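In what follows, structures are represented as structure tokens.
In the two assemblies presented below, subunit A is common to both, partnered first by subunit B and then by subunit C.
After this line comes the complex of A and B, so read on.
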């Protein structure tokens, strides 16, 4: 008897919970419908979309702020932003979420990986949504947006690597505060900026994370490329591919360049920290760091093109916004509206000013607001000017793995465990298998 | 589940009543008797099946396929190709060697140090309690915080450790930034993290050894070293065995410290199995390879545990 009583009670409880749940969602719908004025979903229920982003700190806060503004102005869509760690961590989380079926609707994908995601059909073809309006974006930033002639991504936080200089130190050493223009000048400047106390180096002239991005830049500067045009062959087994390693290893050996310890983004943090502390006078890092470095430095920060080899050269980088293929149609539509808004001229100007990343649209760069700011803050303009010499990153599906192989071999060379020739040969041995995928 | 739990006391009562009153009716209840234990473990078994056996089986299934996390539909049967690829890969051997070295060092140091500490701290005075608490504290801090902390301390330029070394007039150490020292640095962190827990377990073991055995040894004028060898260690053998198995398995599965402190570098000198699996699956999108490596990890850990049980259990003295 007791047993039946408890079963009955449980049933009663679950039914009441169900009823409560229904009435709650009903009241929610009603509430939204009342406030609904703008054009959008017909049934008045706001479409909820998840947006995963991969920038922390100040930039992350700015993104949250922008999303909030979007939600306030678009009553028919609710965007729920979530920070997921750096680019690599975000990729991994998006992947496992796709597998589990609870993927976000919009996310940031690092420019070089767009191809991999698109090739695997994880991304929605944005062509039908865009209807040619993608021409509003700066053409130099669109290199990593297409895969097999279809539009899969729009530029959001786009960057190029820049040379950052401590102008105070350069002036002190009697050097041109605009920074070195060529590799030879880079060496010469670094020599003059390096200060030793006994056998301890107090200031290094130069430092850069040994990252694929800067390696790409230096290869481009020598007229080379990482992969052949069809993306099936490695193209660095030549002078253009070896010269960057030779430059860096010789500078480290001479004691005028610091190889920042730490893996991946840890090394970036070390380089930036060293620069801010005055332990290093010049570094390579992203345009996206401009705002943070300028506001934290106790000295005059200058930016310049990466010093030229045979020519100037730099890859573009940063991340694009994508819509995931697995989302429902209503969510995809909302997602497109969201990414379009995020990258539209007023927002992209706002974003660029807050972060230092480049504005995404041509209109934004040419706008009076931006031009005025550029006059006042020439540092911000350098990246946009450098776009003239910029190339897209390779984006074949195996490149993510290949770049890790290249970076590991670069490290090996930097630590003196391999000559540049040996390092490149080791990369070549593995590349063939990876690029077949 | 709910019903069973409710029904249990009732049945037990009925059962004993029946047994006393009508012993000849036992066969019918006897059948229930044989089923009953299975009925009771079914919920737990279902849980295990869903969250352990099914995933293990599925990973094995995946390890025979060319498969990417990105594209779930495109699964292609490749037989043992993933395994042969792994065994031809020099990096994979490096990874296995790293894992083995890390495990041996962490387990040996973690247990050895803890044993010495336990012998020292197994005393009554208050100060020993405080020390016990202090060395146990790393165990309750999350491994992520521990890793961040040590990463700062090991910073070659601004880190605490090098500052101390320099103050003592010693040369600065490379810690995480060199291929030769990075693995050892990770061992140091793991030992620091695990030693407190091991010590507490050892102290608990020490305190359960009956005093009278020691008194008998004293009467026999056994030397302290001999007492340690002939009484303490054998009496502690279940504890040692337990710690050995637990520590081996956990250090085989090290991940957090690598992910935060070194990400496998420099030049894959600290890349170990679980991180390798993560990298292959999540970073390089080689789901098949990652699954094959998982199966190998499962095999290795299983094998090690078996070896432990086969060789050690005979020497373990349970009271």
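After this line comes the complex of A and C, so read on.
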């Protein structure tokens, strides 16, 4: 009986511990929730707003630091930042939180998905708050801020694809270290940079993850677009849509381009790794990678516009800040003040220098501080200059699914399982259904 | 003396086992070694196997990148609470399924098995809404309560209980033992290897779980170790692989220690099951 009693006591103890532990944390957050309810009624209490962000590592730390600075300088608003995983995890979380009614007031939404969120009526129309002051942002970054002519988002951590070159290798091969300017030059450079030892390729001239981002870029460069103007039709069943696949497959076949293995972002990591190791001389990757590549490379890293087809062209990426439609009016007002401060010139310069993302306002780019930095690090400026040729990514709700289809077919073509014509035809067949939704 | 042929077979068997073991161990070993390197060394090609100099401070950097003590306490608390709850729901349920004949037993057991096959990603939204209505989102409750009963545990224990000979139970009943007592004093000790195995599975699953805590919590006070480790990774740019691997080591080592002590029981469980 004694042992039985001791087991019972143990059980009791563990249950009471459980209750104590949980109620402790519950009371903490419960208190916060009560504070929220009474906030913003003009009774002198600061308005509390929740901000969910989706960047980890050094950039996440920087965001927390900026929020702290905002809270110190704005006594009437308290922003509570919370990390919510990567973009996609954050999106899923925000959508479920909206269903449950405990959504944040401000969050980060990946540029291409702003349309989906706006279409679902999750976002607040920012037009009445902005009153035209959104013109301060760089126009090339605003492509993914509007949905059906209404302003729903402001640019925050924005990137664009660039061509990165190993300047040492280019010089060694007697090429212009500024990099190839056109598709033809890209082929010519890659041929000269590829080094073979017997059957084994020691260095490939060029490599790029077969990602929708770069495909979009190459389609834009040929004067094409992925979807029709109204977003209801696929627009790549033509020369502009097929040329990128032909370019890549022919370069792979010739042995002067490496198709980096790996699913999604793994392929990006492989391309960057190969570039750093000197196994590949030129790659496409994001502006966001500049800092990391420069500091880890043992050679001179150069950046350039993506080589031009008929013209230069590039999509933009990264995330925008949005305000959620379900928040109270007082919170929305505070939220607007917050996102506007986060993206204003002094902050966006600070953010750009710390993270490597592009500054959001024209004023920031023209500021003496940035100009001095650009003089010292011309690689940083290339991205901003390329914005002149930037186009918005398609924003229709079905595109998230469609881009997976396109990437799967691109990969099939790359592996020789389909001709460019077959790949595009396969995309078209599936696109009809997806875009009708 | 064994015949020579047996030695040859044994050697081949051992070599094969060793090769398979190496296949499984290598990623862990690589993680452990990377945790001690510098970042430039991580990126070097051809890669080095052993670190040139052992960078023990990587662990300190990882530990200080967030409130890791809080994460650790939360992880332990959540995983252990779930385990306790699951055992106290699974044992009676399994006993009933294994030893009683009642109307609808097979239907109920079928339902339990169906629950086994539904991944958390499918049902997180309704549970999230539930938790939100009860004001439990962003508390440790929301990490523990949804996992209070385990279909897997019920299934595993039922199989074990079914293997206990009827004579044993009848003997206990003759001695006037209550059903409650038979369950805990006769059945549970006889199913010990299975209990340990299930305990390990449950603990490891919830210790490693990333998705559920990420969805249910919003701030550091109620978050767990896997989120702390994931937060070290940037989506773009500078990823400090050596520090992340050090963080992963902090995450994995407790499990390795527990596993080390419990592995004898696990082997027993499988031998027992297949008898």
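The definition used in the following text is that the second predicted complex is superposed on the first by the 393 of 437 C-alpha atoms of A that agree within 3 Å, B and C clash if a C-alpha of one lies under 4 Å from a C-alpha of the other, contacts with A are read in each partner's own complex, and residues count from 1 in each chain.
By our rule, a residue touches a chain if its C-beta (ideal position, glycine included) is under 8 Å from a C-beta of that chain, and two chains touch if they have at least 3 such contacts.
From a predicted model like this one, the values you see are computed outputs, not experimental measurements.
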(message) After the superposition on A, what does A:85 contact: first (subunit B), second (subunit C), both or neither?
(response) second
(message) Let me test your reading of the model: by the given contact rule, A:279 touches which partner, first (subunit B), second (subunit C), both or neither?
(response) both
(message) Quick check for you: in the superposed arrangement, does A:60 touch first (subunit B), second (subunit C), both or neither?
(response) second
(request) Compare subunit B and subunit C by how many residues of subunit A each one touches, and report the one with more. (result) C
(request) Using the touch definition from the top, say if A:99 reaches subunit B (first), subunit C (second), both or neither. (result) both
(message) Using the superposition on chain A as set up above, list the residues of subunit A that contact both subunit B and subunit C.
(response) 7, 92, 96, 99, 279
(message) List the residues on subunit A that touch subunit B in their complex, please.
(response) 2-3, 6-7, 10, 88, 91-92, 95-96, 98-99, 116-117, 120-122, 261-264, 266, 270, 274, 279, 397, 400-401, 404, 408-409, 411-412, 415, 417
(request) Note which residues of subunit C are touching subunit A in the complex, please. (result) 39-40, 43-45, 77, 81, 84, 88, 124-125, 128-129, 132-133, 135-141, 144, 184, 214-215, 218-219, 221-222, 227, 230-240
(request) Sort out for me which residues of subunit A touch subunit C in the complex. (result) 7, 11, 14, 18, 21-22, 25-26, 28-30, 33, 50, 52, 54-60, 80, 82-87, 89, 92-93, 96-97, 99-102, 159, 273, 276-279, 286, 288-292, 295-296, 318, 355-356
(request) Would you pull the subunit B residues touching subunit A in the complex into a rising list? (result) 2-3, 6-7, 68-72, 151, 155-157, 176-179, 262-268, 278-279, 282-286
